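Below is one structure; the comments refer to it alone.
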Amino acid sequence: MLNKNIETFMMCDAEYSEAEVILFGAPFDSTTSYRPGARFGSGTIRRESYGIESYSPYQDRDLADIAVMDSGDIELCIGNTNKALEQIEERTSRILEDKKLPFMLGGEHLVTLGAFRAVQKQFPEVFVIHFDAHADLREDYLGVKLSHACVLRRCWELIGDGRIHQFGIRSGDREEFLWGKDHVETRKFDFQGLDQTLEKLAGKPVYLTVDLDVLDPGVFPGTGTPEPGGVSFLELQRAVTAVCREAAVVGCDVNELSPHYDPSGISAAAACKIVREMLLALQL
Amino acid sequence: MLNKNIETFMMCDAEYSEAEVILFGAPFDSTTSYRPGARFGSGTIRRESYGIESYSPYQDRDLADIAVMDSGDIELCIGNTNKALEQIEERTSRILEDKKLPFMLGGEHLVTLGAFRAVQKQFPEVFVIHFDAHADLREDYLGVKLSHACVLRRCWELIGDGRIHQFGIRSGDREEFLWGKDHVETRKFDFQGLDQTLEKLAGKPVYLTVDLDVLDPGVFPGTGTPEPGGVSFLELQRAVTAVCREAAVVGCDVNELSPHYDPSGISAAAACKIVREMLLALQL
Amino acid sequence: MLNKNIETFMMCDAEYSEAEVILFGAPFDSTTSYRPGARFGSGTIRRESYGIESYSPYQDRDLADIAVMDSGDIELCIGNTNKALEQIEERTSRILEDKKLPFMLGGEHLVTLGAFRAVQKQFPEVFVIHFDAHADLREDYLGVKLSHACVLRRCWELIGDGRIHQFGIRSGDREEFLWGKDHVETRKFDFQGLDQTLEKLAGKPVYLTVDLDVLDPGVFPGTGTPEPGGVSFLELQRAVTAVCREAAVVGCDVNELSPHYDPSGISAAAACKIVREMLLALQL
Amino acid sequence: MLNKNIETFMMCDAEYSEAEVILFGAPFDSTTSYRPGARFGSGTIRRESYGIESYSPYQDRDLADIAVMDSGDIELCIGNTNKALEQIEERTSRILEDKKLPFMLGGEHLVTLGAFRAVQKQFPEVFVIHFDAHADLREDYLGVKLSHACVLRRCWELIGDGRIHQFGIRSGDREEFLWGKDHVETRKFDFQGLDQTLEKLAGKPVYLTVDLDVLDPGVFPGTGTPEPGGVSFLELQRAVTAVCREAAVVGCDVNELSPHYDPSGISAAAACKIVREMLLALQL
Amino acid sequence: MLNKNIETFMMCDAEYSEAEVILFGAPFDSTTSYRPGARFGSGTIRRESYGIESYSPYQDRDLADIAVMDSGDIELCIGNTNKALEQIEERTSRILEDKKLPFMLGGEHLVTLGAFRAVQKQFPEVFVIHFDAHADLREDYLGVKLSHACVLRRCWELIGDGRIHQFGIRSGDREEFLWGKDHVETRKFDFQGLDQTLEKLAGKPVYLTVDLDVLDPGVFPGTGTPEPGGVSFLELQRAVTAVCREAAVVGCDVNELSPHYDPSGISAAAACKIVREMLLALQL
Amino acid sequence: MLNKNIETFMMCDAEYSEAEVILFGAPFDSTTSYRPGARFGSGTIRRESYGIESYSPYQDRDLADIAVMDSGDIELCIGNTNKALEQIEERTSRILEDKKLPFMLGGEHLVTLGAFRAVQKQFPEVFVIHFDAHADLREDYLGVKLSHACVLRRCWELIGDGRIHQFGIRSGDREEFLWGKDHVETRKFDFQGLDQTLEKLAGKPVYLTVDLDVLDPGVFPGTGTPEPGGVSFLELQRAVTAVCREAAVVGCDVNELSPHYDPSGISAAAACKIVREMLLALQL
C-alpha cells in the first residue's frame, strides 16, 4: 500500500511522541508594509532543505542524531491578524504542554507574538534574544498595533523592562531607538556583547527569535525589506549556535524569508542552514 | 525656481478644477490569499505609462484631447482592512461631490468595495459591470468577509439582485456559481452577451470594475492568481471601450496588476493600454 | 497529537484503498538535451495546485466528488537512466495490480517509457494518444537511445505500427516525420482529427501522454524547449477532457514543466489546471 | 590540430564563396528610448538557434538544403550613431557586391537604415515591406533624427512615396499616422492586404524588415517596447514565408529582440524560428 | 481640492527657496558599452527610498532635520550625448547660482561630466573625489570621447594634474593605469589613504562622484558592469560620510544603478541608503 | 571575403601551434543531483568575458602578453556519462601530447574526472589541489559512482593517499569527512594552510580543480548547490594566483557556473575574472 505524500524539513520525520523539537510553519504576511511574500517562507525552507546536507561540519553533528518532527504549516487566516495570532498561540501551547520545544518558521515577524504569548504563559520569567536588522519597537505603525514593525514592543508589554536583548539592529526610526534605551538592550549592527548576555541569562528560560534580514542582503536578498550592511552568514551561524548551546532555549523562530525576491535561491539555502544549525545546537 | 517632482499617468496632469476624470491609486493587498503584490500595481501603471503612446489607433483619439488629473496614491493602512476601505471611500466621495468621475487603480480587487460604497451612495440605482476571471461572490473566505474573493458579494449586499453583470468568469467554487445564478448575471469565459447588457443598461448609471486577470496569463502574467484560458488583449480592449462609450459610467477601476511576478513588463504595458483606452472612451 | 506534514495535489488525499486514481511524481530530467529542470515539475504542480480551485466551471465537477490519492514523488536516481525507468515501472505496476489508474507527473518525457512498460504488460493491446510539440520518434539522440527525444519510438517498439496517435506536433527532424508516416498517426500543429481517432479507439485501452510543451509558449513558457506556434490552453483543455471522457484511459501522464524558466508561475498554473481537468474527466 | 571556436546560427556555416545568404549581426541600441538591450539580440539568436530544429514542418525544408554563412556581429560603436550606420552600410554593400543576399540580425530597428542605404544604392527601385508594432515614421524623436522611432521615415527619404508597405502597426503618435496616409501604405493591426501587396510587387526588388515586436508580447515579451494586441507567431510565420517565397527579396533584417527582459527564453525561440523560416523560404 | 501626484526621494520635499540641497535625476545611458539600463537608476532610487527609514543609526540624524528638495528627472535626449550633457550642465548651473548644492542621481557615469562642467565654472579650484570600480581615464573608447569609460579623463581636461583622487579602482586597461600615475591619485581596491586625502583637501571645494559599482557585486548586483572584489556597504557608507562631513563638498552625484539586472532590489536599497547617508552628512 | 563567426574567451585567439594554454568547454551536467544547468557554464564564461578587461590590476599583467587558444566546447553526450568522460579525456590527451596546458571550463564537477584521467596518464606523480564547498569524496551517490558528488574519490582511486589537497570545504556527509581524514588533506572553510601545501608540492606536477561554489553565494549565486559561508572573491583570486604562480600546474579546470540561477550576471563576471587571473598567473 502506498502512503500519502509526506514532506518535512530534511530528516525531521520523527514520530510526535518521540520528538523533542516540533517544527511548524506560520505562513502569514498580512501586515508587511513594504514588500509582501514572507507567507511563502516556511514552505520554501521545508522544500529547499533537501539541497543541503544533514551533517554540519561546523558542529560535527547530524540531524540523524536527534529527534525532530515537522508538523507542517498552520492554515492561517490571511487578512485577519487577531485570528492568525490565536491559531499560532494554540499550536505553540499544545507543543509546550507536551513538554516539547516549539520551533516556528515564519512568515513575517509578527508571527513571533503568537508563539511568544504561549511561551510566556508557560514560562513567565522568559527572556528574549532577538536577532534582526530592525528594532521592531514601534508603539504602532500607520495606526496598526499588531504589525511586524511593533512585534518586540508587543512582547515587551508581556514581560517588561530588561528582558529583551536585541542584536544586529541597523534600522528603525529615532523614537524606537530612544524608547529602546530605557526598556530593552539594543546592540546595533552586530553581535558584540552576546557572550556577556548569554552569561547573564545562564539557566534562565530564553525565547530566541531570528529575523533573517539581520543577514547582509548580499547573502540573503530574498526578504521584504533588505537592509545593506548586515552580518555575514558565519557571524549569524556562530551566534545562533552559541545561544542554542548555552542558553536554556524554550522556544524559537526563524522569520522573513520571502523567496520570490530571490530567483537564485541563495536566501533559502541560508535559511535552511540556520535552521539546521539551530536544531543541531539545541540542548534539551 | 525648480518644482518638486510631479509624476502622473502619462498626460494626466490637468488641474483639478478642469479635470473631468480623476485618477487615484489604492495600493492595498492585505487580503490577497495566494500571491500578494498588487499593492505595487497603481505605481507601476503610472510609471510605465510612459512606455506607451498617448494616441490610440483603435479609437483615433489622444490623451491630449481630454482633461484628466492623476491625484496619486492614497497612503493606505496595510494590515487594517476597514480603515483602508474608509480611506478609499472618502477619496471617491470627494471626487464625486465635485461632479468628476473617479477612476481608481488598484491594488487587489477588494478596493472596489471602498469606491463602490461612495458611488452607490451618490447613485443608489447604480449597476455594476464586472470583468474578471473570478466570480468573487463568496460569502466569506477562510472566515474573512472583507476579502478580495468576496468583493462582488459585498457589492451585491448594497444593491441587491439583478444589478451585477459579470463577464469572463472562469474560476470559483461551486457555491459561488450556484448562488450567482439567482442573484447576478454571470457570463462564463468571455464577453458574449455584453452588447445586450449594454442595451439593457442604456441611460442607467454604471460602475465598471476590471480585474485584469480576466486577461489570459500569456499576455498578463503579472497577477496574483493567474488563470489560464482568459480573453485576449483585443477582446478586453473592445469590451472596455464598448462599456465606456455606450454606458453612463459614473466610476470605474482597474485592478490586480502585481508587477513583481512579471520581469518582462508586458503586464504593466497591457494595464497601461487598458487604462488609456478607457480614458479615451469615457463619454462624460 | 500532531501529524507529520502531508502535502498532496489539492484534495487528492483519499486513502489508498479507496482511491481510484493514484498520482505520483517522476522527478527526472537527466537526458534533457537543451535546458534541464523538468525534475522540479511534479513538486511544483503539487504545491501550486493550491492556487487554483477544485471546481471546474468547464465540466461543472469538483475534485471533492472523486477519490484520488497522491503518493508523492519517487526518489529517482539522477544520472542513471535505466535504474530510474525501472523504479517508475515498479510503482506503476503496483498501482495497476491494485486495479487503480496510475497518473504520473514528470519529469522529462522519457519517464513515460517507465510507466508505459508497466501499462503495456497489463494491457498488451493498449493504444497511445500523444499530445506534444515534438515527435519524439528518433531512433537515437546523439547516440543515446533512452532519451526524451526517442520516447515514443521506444513505446512503438513495444506495441508496433498503428497504435500511436500524435497531435500538435510542430518540431522534429526530417527523418522522424518520414519514419512516422509509415508507423504512427501524426497530426501536425493542432488537434484536428482527434474526434475520429477517439471514435476509432472506442472501448480500447488507451494510455494518454501529455507533453505540456504542446501548449504555446505564451501561456506555457516554463519548459525546456519552448516551441512557438502551439495550441491554446482551451484547445488542450478540450482535448484532454475529450480523451479522458470518451476513451478507456488505463494510465496517463503530464510532463515537461520546468518551473525555473518561468518566474511568473503561469506555466505551473496551466499544468495544475490540465491535471485537474483530466482528473475530473476520467471515467473509471 | 584544434581550431578556434566557431559559433554560427545553426547550420549556417557554409564557406563565403559558396553561400547565397550571408547573416550578420548589428548589436546596436543607442537610440532606444524606452528599455535598451536589443544590442544583445543578434548574439542571442545565434546561440539559442541550437534549441530549435533545422527542419521546418511548415515548409518541409531543412537548413541542410541551403547554403548560408554567418559572418558574425559587426563591432559597432555604441554611442556614435553615424559611425555605426556607416559600418553596417559597409558590410551590407560588400555582401551585395558579391551578389549575395544580406540578412541582418539587430539590434534596435535603426540598424535597418544602414543596411537599407546599401541596398537602395544597388537597387534604386527597391520597395520595403515592413512588419512592426510601431509606425516608425516620425520626422524626429526628442530632436534626434537618427532614432529607431524615425527609421522608416529616413528610408522614405531615400525612395519616396508609395514604396513602403507597413503591416501590423498598432502604435504611434497621431502625426505619424496622418503623415503616413499620404506617403506609405499602412495596414493597422495585422497582415490583411499582404497578398495584394505581394501581387503588386511581383518581380520587383523588395527589402523586408521585421521588427519582432509586431508579435504579441505574450509570445514575444523580450523586447524594449512591448505592445499588447499583436499578431500570433503563426500569423507572422505565414507572412514572412509568403514574402520570402513570392517577392524578389534582395535584403532583409530581423530586429528588436532584447533578451534580458525575458528570462524564459521564449522570445529568443520565436526569433530563431522566424529567421529559420525566412532562410528556408528565400528563393534566390 | 486634490493635488497632482508628487513623488520625491523620501522626505526631500522642501520648497525650493528653503532647500539647501537640490536632488535631480539624469536618466541617461546611451554610451554604456556593456549592459545598458542605468537610465532607470534615478527613478528607482526615488521610488525605493520609501523602503528605508529616514533616520540613520550610523549618524544619529534624520532626513526630517534637513531641508532637501527633489526636483525630479531631467527629460534627457537619449541618443544625443552632447545635448544631454548640456541639459545637465544647465540644471546644475541654475542650482549653483541659487547657492544651493546640486546632488545628481544618474544614469551612467558620463552624466558626471555635465554636472562637473557647471561646478568647475563656479569653483575653478575644485577637486574631485571619485569612488569607482573603474578608472574611467581612457582618452577615448572605441573612438568615442564622450563615453562613460572616459569621464574622469574629460574632467581632468578641465582641471589638470593632481586634482582627481580615485579610490576603490579595480578595473581598467593598462594604459589608463599608466597614464593615471602621472596625472591623478589612484588608490586601488579600497579606501586606504582617504583620510590623508581629506586632510590635504581641507577647506578646498570638492566634487564627490560615486559610481556605485565600487561596491561588491554581492551587495550591488544591479549595475551594468559588475566587478567582483569590491568594497562592502559599510566601507562605502563610512567613506561617503567622511567626505561629506570633512570636505567642503560643493556638488556630488551617485551613479550606475541599473535596476533591471537585480530582481531582488537589494541594489536599489543600497543606493538609497548611500544617498541618505550623504544627505545627512553634508555640512552646508 | 568574410569569415565565419569566431567566438573565444576574450583575447584567447592565438593559433593552436603558438598557444601554450588551450581552453576548452565541457558542457555536461547529467549527474547534477540538486539543480542542473552547469552545462551552460562554459559558453557563458566565453561570452561574458567581454564584460571584463584583459588587464589585471592585481597582477599587472594582460592577456595580450600571453598566447592562449580557445578551442570551443566539446559536443558532449548528455545522458551518457561514460561516453562524455571519454570525449573529455580524448581532448585533454591531445592537448597534453602537443605539450600544451589543458584548461577546461565545466560543466558540473564530474567533468574533472575525464580531464584528470588524461593528465594522470601523462603525469603519474600528479598531485591535486582542489578548491570547493563540497568534499566530493563519496563512494557513490544514490548508487551512482560517476557522480559529481564522488569526483575526487574517483580521482583518489587513480593516485592514492596523500595526493589530494582540498580547501574551502564546508559541506558533505559525515562519512566523507571521516574517510577523508585517512586519505586526503581537507582544509575546512577557507584557504588556511595553502602556503605550506604549495611549499611541500614545489616542483611537483599539480592539477588544479576549482569548483566555483567555494565562493560565497553572495558573490556567486549562479550555481547548482549554493552553500552560504564561502570565501570571498579576493580570497579565491589570491589562492588561484598563488597556485598558478608557485606550483608546476600541468592542467586545470573551473567548474559549476550555472548561469540561469543568476539573472544579475555577477556569477559569470566572477567566473570570468577567476579564469583571467589563472591564465595570467600560469608560469609555463
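Each chain carries a letter (A, B, C, D, E and F) given by its place in the written order, and its residues are counted from 1.
In this text, a residue touches a chain if its C-beta (ideal position, glycine included) is under 8 Å from a C-beta of that chain, and two chains touch if they have at least 3 such contacts.
Nothing here was measured: the structure is a model prediction, and the numbers come from that model.
The fewest steps needed to get from subunit A to subunit D, moving only between touching chains, is 2. One finds 39 Å separating the Cα centroids of subunit A and subunit B. Of all residues in subunit D, those touching 2 or more other chains are 35, 216, 218-219, 260-261, 263, listed in ascending order. A list of each chain pair in contact follows: A-B, A-C, A-E, A-F, B-C, B-D, B-E, C-D, C-F, D-E, D-F, E-F.
On the side of subunit C, the complex with subunit F involves touching residues 29-33, 35-37, 39, 75, 77-81, 83, 141-144, 146-147, 260-261. Here subunit E touches subunit B in the complex through residues 1-8, 13, 16-17, 22, 24, 43, 46-47, 69-73, 94-95, 260, 263, going by the rule given at the top. The residues of subunit F lying in touch with subunit E in their complex are 50-55, 57-58, 62, 216, 218-219, 232-234, 237, 263-266, 269-270, 273. Residues 34-35, 169-174, 177, 188-189, 216-219, 221-222, 225-229, 261-263 of subunit A are the ones that touch subunit E when the two sit in their complex.
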